Amino acid sequence: MSFIVDYYNYWIVVFLMMAGFYIVISANNLVKKIVGLNIFQTSVFMMYISIGKVQGGSAPIVADGITSYSNPLPHVLILTAIVVGVATTAVGLALVVRIKRAYGTVEENEFEDKDALI
Amino acid sequence: MFEQHFPVLPIVLPLIAAPLCMLLGRSQLAWLLATIVSGISFCIAVSLLMVTLDQGVLSYALGGWEPPWGIEMRLDVANALILSVVTGISTLVLVYAKDSIATEIPQSQHTLFYTAHLLCLTGLSGILTTGDAFNLFVFLEISSLATYTLVSLASDRRALTAAFRYLVMGTIGATFILIGVGMMYMKTGTLNMLDLAARIGEFEYNRTLNTGLAFILVGVSIKLALFPLHMWLPPAYTHAPSAVSAFLASTATKVAVYVMIRFIFTIYGAEYVFYSMGMDVILLVLAIVAIFNCSFVATVQSNVKTMLAYSSVAQIGYMILGISLVTTAGLMAGLLHIFNHALMKGALFMAVGAVFMRTGSADIKAFRGLGKTMPWTMAAFTIAGLSIIGVPLTAGFVSKWYLVTAALEQQHWMIAFLVLIGSLLAIVYIGRILEAAYFKDPVQSASDKTIKEAPLMMLVPMWILAVANIYFGIDTSLSVTAADAAANWLFEPSAQAVFQSASQSASELGAAR
Amino acid sequence: MVELIDLVLLGMLAITALRVIFLKDLFAVVMLFGLYSFLSALIFVNLDAVDVAFTEAAVGAGISTVLMLGTLALTGRKEKANNHTALLPLLVVIITGAALIYGTLDMPPFGHPDNPAHQHVAPRYIEESPKEIGLPNMVTSVLASYRAFDTLGETAVVFAAAIGVLSLLGMPKPGGVAIDSGLKSHLVLRVVAKLVIPMTILFALYVQFHGDYGPGGGFQAGVIAAAAVILYALVFGLPLATHVVRPNFLKVLAALGVLIYAGTGVTSFFLGGNFLDYNVLASDPVVGQHIGIIVIEFGIGITVFAAMLGIFYGFAAQAERTNIQ
Amino acid sequence: MILEVISTILLILGAFFSLTGAIGLFRFPDFFTRVHAASVTDSIATILIITGLILRTDFDLVAVKLLFILIFLLLTSPTASHALAKSARHGGLLTLAEIRESKKGDND
Amino acid sequence: MLALAATSVAILSVMALALARALKADTVYDRILGVNMVGTKTALFIAIMGFLNGRPDFLDIAIVYALINFIGMIAVLRFFEYTASEPDEDTQEKSK
């Protein structure tokens, strides 16, 4: 039982990661791929934040009467990673817009077919 | 007064130059600034290489916070060597790019090209210099984002899909690395590489750490295009602007190989990775399959850039092969090949870029008769091509020689034999182009406009690399000494023990609480 | 209580993620992604990561969703049914997932205070940073001082993204054709937006300068300020927005922010410290840290503001262009 | 003490109203009635709960922030609902009319 | 304290219901309504959670939630205005 209590969080997070990962690699539509990528990354962020949690701890901002704080380091890392994530998303979506303009479609197999014709 | 800041300057200089480029607005000025900054970075990198050869290791604590609390820049021979290659190639590519991108990228985008190039250089230098596992991820993403931009700058619409595929694969790879770093952090409580190494050394076998390593290796393998995760590379290199292909082919994947070496040898330690987890067999098999599969695929390509891209994947196989031999000699051959391959592929892609500029095509048909019309370009191509094959007196021969020797040292006759077969395949694919260039008449339809030799600004960097191929094929003292020192350095845990004391005090601090 | 909320929220997330896999209407997919981002930010709050939640809500749920909607407007709403089998992806995912589950087996238990992650490096941040840096918010201390180089890299990433979008999509021309844009027919909306936008900018300033004491800082402030202008552009149309904040001005701002940040580091050189060593910025190290952090947070703020808004402009410009055609 | 009792009452009331709103979201027949259920209860629940929370503060910065949230939510939430309903009326008018039409048809 | 806990549970269940609405919507507008409701309730939930954990000084996050929720709604409306010319695809959604 304690085994489950210890790890349930990580297991669900793994499930979420894999759901996102599945969307990335199975989706044919490029926008959906980007959504999947975001879900994947957000779930990885959750894993980091779970690492940083201390039971009975509080948010790492000093306040009177609080002795135990959660670990601030994963928070810092994930702040960085979130911004990296949105940067990637922005560039990816911009590419999608251009692909739509160049090919008239954002379905992977369709523009592959169009390229194959050349 | 800046000597003590040298470790951080190859990152900071391009980083400052990038926004300045954007502010300048004029593409000529941007080009000048980018080239000068890249050149200065190169000089600094070479001086760093000299210092590290001399003194061993340079550590630089950013913000004045001692590691592991702050981020550390850490230079040893291994990364100083690759840093010199990267900054050097970057400078040459920038010189080359001025004329090259004039025909391939619209005028209004030139400033952005230089800005993105500088950001990419920042990222690559950062990956190489940093001593912090998470910081590495950040710089990896800087370089990747800049790379996606650079690839998509080409006018061909297939560049867009190539860039997108690259983006998706690259982000998956980066996220895998992030997962791996998270697992390492979870078990050790630190992010500094040497501190990690010290703490991972305490574990003999741990499932979380194993998984972390597996994810990092898969993530890095995507970035370095290890077979079978290489599918993003050929389209990206084929459709990118020529200058970008030349830069990426000779630097980006090499940096990723370096990351793999770092994680395997410095952080986890060869013993953990190879003996506890048995990764060497997997890497060995993948490397050999990569060499053969991709060399074969290269022989049937009609687009020369695609062919070179597949050849790159095959050559990466040689590097990984060197690593997977798990000996100092093998690792040294791998490192040497990183260095030499950068010289070859840089020259080859530059030559193809020149051909593309003059003929408007990178198809093998376009190469017909170029031996007469573009003699200098084709001569450079020939030299670099011979180097890829591994003809004696070229740099390619040196690294293959060391690779074969390393394999024979371990009594791996088969591997040595397979390396030679791989070279035969290289003869086939390079030979096809040389045949077209020197022994076939030009296609008639293109005859109405005469094909001129490439402009001087493109020939000079190309020839510098071609000559370097010969120079490092004859005088191996610098490259071999550096690679040897680096390999010894990476393999010898005692050499890294300098850090132990600091790490110990850290753990004592932790224990005291 | 924390665990219970955690479990419920994770369950909600799992259902949402599953639903996203099977939905074909991309608009719904994007809406659910926004939800996903919101709920995950809630998890971050629950797990004490208030700064992260702040950023995730503003960046993930806000900017990302807006950009995705902008893309959808240009590329169409329906995902076409694909007939290729999803067996191989499923296999890959199962193997990856199995590897991860295998990896969890030796993980330290969730939330245990004795976990290695809380032992080695982190205690220094928690115990010393209020003295060394002088700020109550440890996340800001670590972000802007101990690991300032990461953050510099992050600013560069944002800048790189802005460069990427600029090169791919271009920028709207300021004061271009004032075509019919904005939510003209929604009168109530326009009035309320006029009230909300100044409040938002005020709030952004508060977040920028209060980040040392509470959740917030340059990133969040930059994003919120950009969100205010985005709101303006959405309600009153892009031409008016580009009139207020000119695209060329954004380019300068984005570059300037990176320069301010890196320049702070270089200043440390000349004052005898290492790169980004704020201790040397003033005679008293703690004051120096304070100055350094305020300056670099400002740099981050303006780069993020300019980059996020510039990226939005890029997408909006494409939409306007297609609208004209 | 009295404040806490009042606060408790307000909170419970607020929770009750938001629950009714959520149920309305499922039980009401068409979109416009559902918007009605959601937005009206949303407003009252927000007022009650935030007021309840303000009574639990020491009337310092926290209370000011809560007030700010209250004002903000009261401004934006109904506006959003209104705009959404309006947009639905514009865009999806036909389909919703069909529902009523068919309902009428059933009754007649 | 009990009142706070009870309220938070109530809000959480409201969120769950609204989420269910958003996941399984009759029309696309219902979906938006559900998402919007989750958004506003999240802001409230954070406010309550701050009191529950004894650290009510993180209300800034609730403000961000409210703000982003509003902007998201506006973006959605703008999206509808923009794609209004396209054939409406709600009908398909509804026929399920």
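Each chain carries a letter (A, B, C, D and E) given by its place in the written order, and its residues are counted from 1.
Here is the rule we go by: a residue touches a chain if its C-beta (ideal position, glycine included) is under 8 Å from a C-beta of that chain, and two chains touch if they have at least 3 such contacts.
Chain-to-protein mapping (UniProt): A = Na+/H+ antiporter subunit C; B = Monovalent cation/H+ antiporter subunit D family protein; D = Monovalent cation/H(+) antiporter subunit G; E = pH regulation protein F.
Not measured: the values here are computed from a predicted model.
Participant: Provide the labels of all chains in contact with chain B and in contact with chain D.
Facilitator: C
Participant: Sort the other chains by how far their Cα centres are from that of chain A (Na+/H+ antiporter subunit C) and give me the top one.
Facilitator: Relative to chain A (Na+/H+ antiporter subunit C), the chain whose C-alpha centre sits farthest away is D.
Participant: Measuring between Cα centroids, what's the chain most distant from chain B?
Facilitator: D
Participant: Most contacts: which chain pair?
Facilitator: A-C
Participant: Can you check how far apart chain B and chain C are, centre to centre, with Cα atoms defining each centre and the answer in Å?
Facilitator: 31
Participant: How big is the gap, in whole Å, between where the Cα atoms of chain C centre and where those of chain E (pH regulation protein F) centre?
Facilitator: That gives a centre separation of 20 Å.
Participant: Measuring centre to centre with CA averages, how many angstrom lie between chain D and chain E (pH regulation protein F)?
Facilitator: Chain D and chain E (pH regulation protein F) have C-alpha centres separated by 11 Å.
Participant: Enumerate the residues of chain D that touch no fewer than two other chains.
Facilitator: 72, 76, 79, 83, 87, 90
Participant: For chain C, which residues are shared contacts with two or more other chains?
Facilitator: Counting only residues that touch two or more other chains, chain C contributes 50, 70, 72, 76, 100, 104-105, 107, 115, 117-118, 121-122, 125, 147, 150, 153-154, 157, 160-161, 164, 168, 183, 186, 189, 196, 214-215.
Participant: What residues in chain B touch two or more of the other chains?
Facilitator: Only 134, 138, 141, 145, 148-149, 152, 179, 185-186, 191 qualify.
Participant: So, with touch as defined above, which chain pairs make the list?
Facilitator: Pairwise, the chains that meet the contact rule are A-B, A-C, A-E, B-C, C-D, C-E, D-E.
Participant: Can you name the residues of chain C that touch chain E (pH regulation protein F) in the complex?
Facilitator: Contact set of chain C toward chain E (pH regulation protein F): 1, 5, 8, 12, 15-16, 19, 25, 27-28, 31-32, 34-35, 38-39, 41-42, 45-46, 50, 53-54, 57-58, 61-62, 65-66, 69-70, 72-73, 76-78, 183, 186, 189, 193, 196, 200, 203, 206-207, 210, 214-216, 220, 224, 227, 230-231, 234-235, 319, 323.
Participant: Can you list the residues on chain B that touch chain C in the complex?
Facilitator: 2, 5, 8, 12, 15-16, 18-20, 22-23, 60-65, 68-71, 109, 112-113, 115-116, 119, 122-123, 126, 132, 134-135, 138-139, 141-142, 145-146, 148-149, 152-153, 179, 183, 185-191, 195, 199, 206-212, 214-215, 506-507, 509-510, 513
Participant: Quick one: which bits of chain E (pH regulation protein F) touch chain D in the complex? Just the residue numbers, please.
Facilitator: So the residues of chain E (pH regulation protein F) touching chain D come out as 3-4, 6-7, 10-11, 13-14, 17-18, 20-21, 26-30, 32-34, 36-37, 40-41, 43-44, 47-48, 51, 56-57, 59-60, 62-63, 66-67, 69-70, 73-74, 76-77, 80-81, 84, 88, 90-91, 94.
Participant: So in the complex, which bits of chain A (Na+/H+ antiporter subunit C) are touching chain B?
Facilitator: 17, 21, 24-25, 30, 33, 37, 40-41, 44, 47-48, 51, 73-74, 77, 80-81, 84, 87-88, 91-92, 95-96, 98-99, 102-103, 111, 115
Participant: Would you pull the chain B residues touching chain A (Na+/H+ antiporter subunit C) in the complex into a rising list?
Facilitator: On the chain B side, the touching residues are 134, 137-138, 141, 144-145, 148-149, 152, 157-158, 160-161, 163-164, 167-168, 171-172, 174-175, 178-179, 182, 185-186, 191.
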